[in-house]
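Please go over the structures that come below.
Shared between the two complexes below is chain A, which pairs with chain B and chain C, respectively.
Let's look at the complex of A and B:
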């Protein structure tokens, strides 16, 4: 097994490899990953991830497992469902839970970007195919959508049986799904909402908007069940909900550990674990929970010892997320002495504002999605970022601003002005693409990041906090 | 044409007229064009609607760079630029900016307007699907808009005043439709450039004056001797064709092409259909402005828009389509990659896809491409 070393490094057990050998052989053949690619991946994993932590290694293993699952889903007779990233309303989980072992419901481009991109460094040809087929370069179009189209067009992943599309958060995602619907004849279900909240509305939620979203979630789920010919299975749903709760509780524990000084793990590694809930189908979700359960005591141990990737007292910032396709950005930030204990996507304080009067699954999903802020408004992103600065005692904000993402477009401008003026801490905007490193490189940001690191360190040494201003 | 000359005088005097009306206590309500703001609600409250519709210039786009990232739709960036720069009466005089939140470009533009406190703003949502649920959401939004208008203007949008405004706007729509449909024949002396001038004027002029202008123009057209117009017949489409963004229409006409029908966010979407008068006026507005509206590219599915363009191409005996996109308007960008093949398969017609960021340097390359396209379809 030419892939044994990389899989072992990624937390796979010997017996699992033997058991899944025919699947692995077939999937790696389709993906064109041979011995040379395995060596490359091994180097990238050793260089890019904190492999002293078994929780991180297991998470990497789950990503590779997820890749194998999606590549083989149709040949293994599974009903295959793709949803857009970011996923909405826990809908993917609910659909997965309609048929454990029968339905694979994932966000394929996200799996491909991490497994085939970050680990194997083989994503660029797929994006190029996506550009050639539908989403031309030079128009600031999203890499994830290019990956979705490119991977199907190249036959790396199958055309699905159903597409779950969103029509409101990301215009491009909905367009991509419509393209696939028309070109491949794949049925699609559209979930709508409207981002029309007033600037000062958040954290209050507009009940009309919430109600519209909940109705759309319920409708999408019902339509999806009809198309797939599935009926909800109470037992499977109960089991999935329990796993999901364990996963969310695990995330909360890792967030709590990140409040320590120094934070015990690099945010780019933690993000790899946290995103597992967005990209694994039900069949592999237990492995994701195991990865996080493995990580929690490892982090606790480091907190107890007072160790982490950076020394105690390093300046602390937040970001939206860490570009994951290119490890170099995360490394540069850490080499500049900057710790990222929390990101917008990891911050879970919204759980404290959930209104228990909402009772149906769809209402709860809609409430959760809106309360997290991302699908609510730019002002909600600002609200939670300001809260995170207080909660995690941050010294600055290092915002990764995706240049190909329209929904996130104004966040950097708003945050820089509002946070610098209101909280008196510096904000650096890094223009990046989270998923495509052909258009930027970590090295091109070295000067900015290092200078920002010096600035934060100087302020910190003078004892300036976010409450004291510039 | 005499009517078009008097239209120019109307337009020239409009800023002073608006200043006078504002001084008298009338509220001037700016709105984002695109066919989703019922002007009838504004009119029924005794306020004055004006579409914020300037574009085509590079400086406002550059200025907007201090408030918005560059990868937002050019027209949306321009709105921030014109507001910040000042000197444009429409932008300077308004008491409220009404934004129907449609796609991310419009939302982000409204964010900037709100966050940088460029003026009072009122937003309401436009869903992206034609369902009963979506229609109700839109109806809820325009009810909130009506309440806002009533509190701002002190007027009351009663059933009677709304119906009165609907009658007036229906008349304007009817006249626009009549002129537009005259273009199906190859002999109308009105050029595409003139028709677009009328559409732009309708966003800015007093509604009654606009109706009189259109009536006068129709009389003038009908009294003229019919003279055939030669040259390839063009359907011009895209996301937005702003007031001041004349380069495409100029280049097409200079190359010998005749724009005989156009489909953009403003214009056709507004005049193609009337608002019913036989029921609750708010529900009738929602039905006409949302449910029966010809869909834009950001609707799901967006196929309705493409099918409509193909229908137009047939009905107006089109020889070629020019798809004029603005940079970073994703929905239209993606559609522009799909549409040429769909049109070709359905009708055999060719499409020229061009994009602009309102930069003067674009004109040279655009001229070459447009001239080549016109020559190609001329056969």
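Let's look at the complex of A and C:
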């Protein structure tokens, strides 16, 4: 087994490898991953990830497992359903639960971005195929959608049996799925949303908006069930929901650990674990829970010892998301002495105060998603950022601005002005693409990050001196 | 105590030697294909120019895009920090530095001690940089040195609307073919750079006094358009290209922490 070393490094047990050998052989053959690619992946994992932490290693293993599952789904007779990123929490899980393991409902581009991109460094050819087929380069089009189209067009992943098209957040996801619907004849269910809340509404939610979103979710479940020939099973959903809740509780515990000074883990590693919530298949979700459950005591141990990738007292910032395709970006930030204890997509600052009068699964799901802020508005993201600054004792904001993401491409500029004026802390806007590292200059980024680190450290040390002087 | 600051830029490599915060000598050479060759050469030359028998430096700080490639540097510090420090040393009243180098442009806000308080830098694009002027000079068959002088003869700067260097090049070729005078085109190019720089800088604000550093600061056509765009007078140091290296040398002298090179 030429892949034994990398899988072992990624937390796979010997018996699991033996059990899944025929699947692994076939999936790696389809993916074109041979002994050389395994060596490259091993080097990248050792260099880019905190392999002293078994929770991180297991998470890497779950991503690889998820990749195998999606590549083989059709040949193994599963009904395949794809949803877009960012997903609606629970939607994919509920659809998977309906099929009692016979349905694979995943966000394939996200799995490919991490497994094939971050781990194996083999995502660029897939993006290029996506560009050649449908989404040309140089036009500010989403890299994740390029991956979705490119991977299907290259035959790396199958065309699915159903698409859950996401126009609830961005038009590009919907347009990509429309393309797949037209070209491959894949049935699709469209989820809509309205993004025009009043500026000061958040964290209160507009009831009409919430009800509309809940109705869309309910409708998607019903339509999807009909197309897939399934009937929603509350018992199966309950089991999945329990695992999902455990995972969310695990994320909350990691957030508590990250409030420590120094934070016990690099954000690029933590993000890898937390994102399992958003993209893992039903079959792998128990493994995802095990990964985060393994990580929690490991982080607690580090917090107790006061250790982490950066020294105590390092400046602390938040970001929306750290580019995960290239872990070097997070490491560049850390090498400049900046800690990132929290990112937007991993900290549910407002879901602890949900309105109990909403009782159906769809209503609860809609309320949770809108309270997370992303699907609500730019003002909600700003509101969240101010709360994160307070909750995590932050010294600045390092906003990674995704220039190819239509809903997010301009929010950073609003955020910079508002945060600097209202909180008086520095904000650096770093123009990136979270999923495509072909479009930014590493050297220019390094200059900005190092300068920002210097600026934050000087402010922090001055503040400390002032406090001591007082 | 001799200390040295090295600024390895996209177009040129600069070195400054200081002794007790006094400039002993400086040198500016093209970077060329090899950072190692360029740094070795610039060090040899700056020592030669000093007229002293310097066998080594107490401390060397490197800056510029090649700062992490200098094996003998004690520390590497970003050029934004170095330009602020260097400008403060030469012109203590300066609170804003506009630095336009070969491959990027930066706006730097600084305090009275030369510490950076805010900054903005161009993203992923050569528009508004020295490279942009270089490409345009090539298209118009004018030497870089003559660009500023010629632009002063313009009565009506051309409107160059493309913000991309490649598109602007085609636009300039097309306007030239239509008979647009060369001096108007050059003035239009300068105006475009000034306008983009001013837009970038408005995010952090322009506070008096404003200094202009980097190789492009030698082009007084760009300086004039920048003054018009921001509505303020701009001071250009006597040798604007060495401000980053000077800042690096000052940091070498005072042991300011940077990133290990």
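Keep this in mind: the second predicted complex is superposed on the first by the 457 of 470 C-alpha atoms of A that agree within 3 Å, B and C clash if a C-alpha of one lies under 4 Å from a C-alpha of the other, contacts with A are read in each partner's own complex, and residues count from 1 in each chain.
As a convention for this text, a contact is a pair of C-beta atoms (placed from the backbone, for glycine too) under 8 Å apart; a residue touches a chain by one contact, two chains touch by 3 or more.
Note that this is a predicted model, so its numbers are computed, not measured.
Asks: State whether chain B and chain C clash or fit side by side on chain A once the two structures are superposed.
Replies: On the shared chain A, the partners fit.
Asks: Going by the touch definition up top, name the partner, chain B or chain C, that contacts more of chain A.
Replies: Per-residue touch count on chain A favours B.
Asks: If you stack the two complexes on chain A, which partner ends up touching A:192: first (chain B), second (chain C), both, or neither?
Replies: first
Asks: So, does A:141 touch the first partner chain B, the second partner chain C, both, or neither?
Replies: Once the two structures are laid over each other on A, A:141 reaches chain B alone.
Asks: Output check: A:414 vs chain B and chain C. Expected answer is one of first, second, both, neither. What do you get?
Replies: The first partner, chain B, only.
Asks: Looking at the overlay, does A:378 come into contact with chain B only (first), chain C only (second), both, or neither?
Replies: Touch partner of A:378: chain B, not chain C.
Asks: When the shared chain A is used to line up the two structures, what angle, as a multiple of 10 degrees, is there at the CA centre of chain A toward chain B and chain C?
Replies: Roughly 70 degrees separate the directions to chain B and chain C.
Asks: State whether A:244 touches chain B only (first), chain C only (second), both chains, or neither.
Replies: In the superposition, A:244 contacts neither chain B nor chain C.
Asks: Would you sort A:212 into first (chain B), second (chain C), both or neither based on which partner it touches?
Replies: In the superposition, A:212 touches chain B alone.
Asks: Would you sort A:184 into first (chain B), second (chain C), both or neither based on which partner it touches?
Replies: neither
Asks: Check the residue A:2 against both partner chains and state whether it touches chain B (first), chain C (second), both, or neither.
Replies: In the superposed model, A:2 contacts neither chain B nor chain C.
Asks: Is A:165 touching anything from chain B or chain C once the two structures are fitted on A? First, second, both or neither.
Replies: First partner only, chain B.
Asks: How far apart, in Å, are the nearest Cα atoms of chain B and chain C after the overlay?
Replies: Nearest C-alpha atoms of the two chains are 5 Å apart.
Asks: Can you list the residues of chain A that meet both chain B and chain C?
Replies: 403, 413, 417
Asks: For the complex, which residues does chain A have touching chain B?
Replies: Within the complex, chain A touches chain B at residues 134-136, 139-141, 165, 167-168, 170-172, 174-176, 178-179, 181-182, 190, 192-199, 208-209, 212, 215-216, 219, 377-379, 401, 403-404, 406-407, 409-410, 412-414, 417-418.
Asks: Residues of chain A touching chain C in their complex?
Replies: Its residues touching chain C are 335-336, 403, 413, 416-417, 426, 431, 439-441, 443-444, 446-448, 450-451, 454-455, 457-458.
Asks: What part of chain B is in contact with chain A in the complex they form?
Replies: 67-69, 71-72, 101, 103-105, 107-108, 111-112, 114-115, 123-129, 131, 133-134, 137, 140-141, 297-303, 327-328, 330-331, 333-335, 337-338, 355
Asks: With touch defined as at the start, can you tell me which chain C residues reach chain A in the complex?
Replies: Chain C reaches chain A through residues 65, 68, 77-81, 104, 115-119, 121-124, 203, 257-259.
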